[in-house]
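The structure that follows is given in the form of structure tokens.
Letters A, B, C and D mark the chains in the order given here, with residues in each chain numbered from 1 onward.
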């Protein structure tokens, strides 16, 4: 197996980008395994994801240097990732554990190529569940007077454990603008409604009161603008008049688990690029 | 074939309703072909739809009289429909004809058991389409100064043609409260978004701007509270970052046609009962 | 809370069944909470499920006696279940644990009203997983020469633990006709294809080879006619040309978990009635 | 607007293909608007679709010549299409007209960028429908003794009308191997089942008899191996125990129309490449 890497970039759209990038890789004996591109006519930006391999990891430094020069020419935002590296996750959870359970099982069974480095919660309900997978559990209670400290503990955990991605798996606390900023682009939340419908609290009760025939869930990047972060993935489930809010909660929980798992997968496979407050999600 | 009828009712929930209704039908030699019920714990109301047949139409009057007495006992809202009768529709349309085309074909091919008695529009684009199915087309232009008269023409059409259901098949005019009231419970609109998301104008552009990953359409009863009428049916379609608002319009149009056709079917089969500002939709 | 029960029945269709059943319940002070019926024109059989409550459990015997008499008149197959009783499950599994994990979590979090009394497997991979939920795990290896004995152990477990439902949650052994017969109507299997497509081994590889654009999963009752048992529930997932059989396995596993969980729920809620080799599934 | 073209190719996978293709386009002042690629590890083949524009149509000949040389080096199968050209369709139909009606409306309303040059049928039911869109209708009855002649008439029509794509829109005749061969890669059929389930006649009756909970439709290229041609697109609809075969026919017809329209769109946008008996379908 040759070592493989993933390059993602965005830049103002102009002629020759693919040619220059593919030329650089060709010259350095890299082989393109997969590539996706998107030119946004509206914003005038171009987005590219290239999965490629090389003869040996020793070639990486040359690739990096050559790309740095190219990126300067084209005013590219770019990242280069080792495709074999598993992202390290911190999962935050409160009282509903279905998303946590789903992520733990996927990680453990290698369905999802991540290491769940830690689970943290403002409650202690899921210490045993995390423990059964050998994952450290951190009980970080939160109250009106310790919010800043609790968030500092989360951030310390992120740094100490070298966390790549924080997953809010039904974590029912609103993050402060400070924490949102610190985790920008590396924190994903699952919202239990089909955003932008039913923002805020108790979306299933709102959905029931409105009498919708379909409910949904939305995974998005966390920003300080609550429920307004860039949407990564959504899915829905059909409901009917006979279902109570409690039924919607149960039915919706399946959608939440699936939507969150897909969003995490795409993030750790470096398939998501930000395009303003929207996302480009390459398959 | 014995003649068949459909009874729908709602009333305060209490013991013995099914027993009394089924007893009445049994005594009058009626045979229950299908029945659906729903008791709403929240509102305390009970909803019932019974499809039954009888020996001959001559028995109808007895059924009706007996039900009137029973209904008085139980404070029922009730309706009795001839199941063989095809509903008469007036379809209103503006510049997008996909829903109209879909309904015309379904009616013509007997997929949908309705008679489209007339098509009316504030534009004249679809005169030929209606004509090709032998359906009268009424061009009723609307401007700032003739709104009330134009609506009076619509209402006159409804009365003259003995219309059972008015279908707003992408009719891009807001009905006045007066007309909404006159058509209460017998006018269905298709809204080109997944309500309550993206109310108002240009929902596909709103959806694109927000970067959602799924779009939808919603069929609802028309009320004077715009986009807030009781929802009958919804469905969705998956979209991605590469789609323009124009792509969403095209993709969404398929969902609109399907959702509207389903809503019309359920209405004319007397499967929809109002439960406050929500609907009970029996299968 | 009044005690509640569920009655299910099927019988030759004729006039008066609903009247007689509802009358009996009315006379015994039972209140119908929900009811679903279906008359199959093809087979001429009538199916009914009634959820009702009564003043006190002491009234049950009277209900049972009266129904026995009525059932004799109408040649009914009928069952009467205590709606508050949680079904006892035995889950069989081999090397893929996603369905097992899903069921364990749903049972534990009371999303699914069942008690998983035991897990048995021909492998020992999931002893720890079962153990983390406090569920006894039985390692019952199977080889060419001990098949009959191993099945006897399963059956002994079913009897000893008073199992209501055996769930084959990716149990990769074919049950003998003897065991199938012993568990008739109380064993559900999840097949990892959209039956009747891709029966037999490695359905995802078959699906990939055929180049289908959608894969599925099917939950069905176990019969000695392999992959031909009455279908309870199916669902699907979209795939594309770039996906390998391994991707299909991963993607399909989500569908399998959901489909199996829905089938189990409907079974334990007594919503499934057999209609020849097909199922009536009431909502 | 610069003129735009679409290049599709497949060839044995090796390093440098994207580099060489993009280099050629860059040197000839062409601008890549969109590109999709796929390397099939199994077959070792590489597939590419590039949408690009150029300064003026006069540059086309140079592009074509340069590609011919490059294609020879890489053993490419390649095609170059004018992206502005609308494909010319011949639609074949028998007694069910929903797919025909759907295609006619989409073409007319420019939802689908095609010209329906002619409709032909072994029955005369849809002469008026075709006529209402100004599309010539050819009644080509078929009987045991004129099959070859009738097919010759179809083929003559294809040639005379310079047809790009023949669409079998519920055309209930089996094409002879000769005709299949003559139309290889340019004839799409809609099969009214979720292939490979329920091949052959009356799939909805087969589906009902088996008691499936989901039905589907499949669009595939026509080959002489009946119902075995490369699958382009599939979709499904949920059904339940109460639906008759007739209900399945009605419900399925919506899925058929949608699936066929999507397949036609992808074909005329040159998004489909053959990979053995499977398809690569670029989005």
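Assume a residue touches a chain if its C-beta (ideal position, glycine included) is under 8 Å from a C-beta of that chain, and two chains touch if they have at least 3 such contacts.
All of these numbers come straight from a predicted model, not from anything done at the bench.
Visitor: By label order, what chains touch subunit A and subunit D together?
Guide: B, C
Visitor: How big is the gap, in whole Å, between where the Cα atoms of subunit A centre and where those of subunit B centre?
Guide: Taking the average C-alpha coordinate of subunit A and of subunit B, the gap between them is 41 Å.
Visitor: Averaged over CA atoms, how far is the centre of subunit B from the centre of subunit D? Could you give it in whole Å?
Guide: Once rounded, the distance between the two centres reads 36 Å.
Visitor: Can you list the subunit A residues in contact with two or more other chains?
Guide: 38, 240, 242, 283 - these are the residues of subunit A that touch more than one other chain.
Visitor: Which word fits how the chains touch one another: line, ring, star, complete or other?
Guide: complete
Visitor: Give the list of subunit D residues in touch with subunit A in this complex.
Guide: 15-16, 18-19, 22-23, 25-26, 29, 31-39, 283
Visitor: Spell out the residues on subunit A that touch subunit B in their complex, using ranges where they run on.
Guide: 38, 40-41, 194-198, 210-214, 216, 230-236, 240-242, 244, 275, 277-281
Visitor: What residues of subunit A sit close enough to touch subunit C in their complex?
Guide: 97-98, 101, 105, 109, 111, 128-129, 132, 240, 242, 250, 253-254, 258, 261, 283
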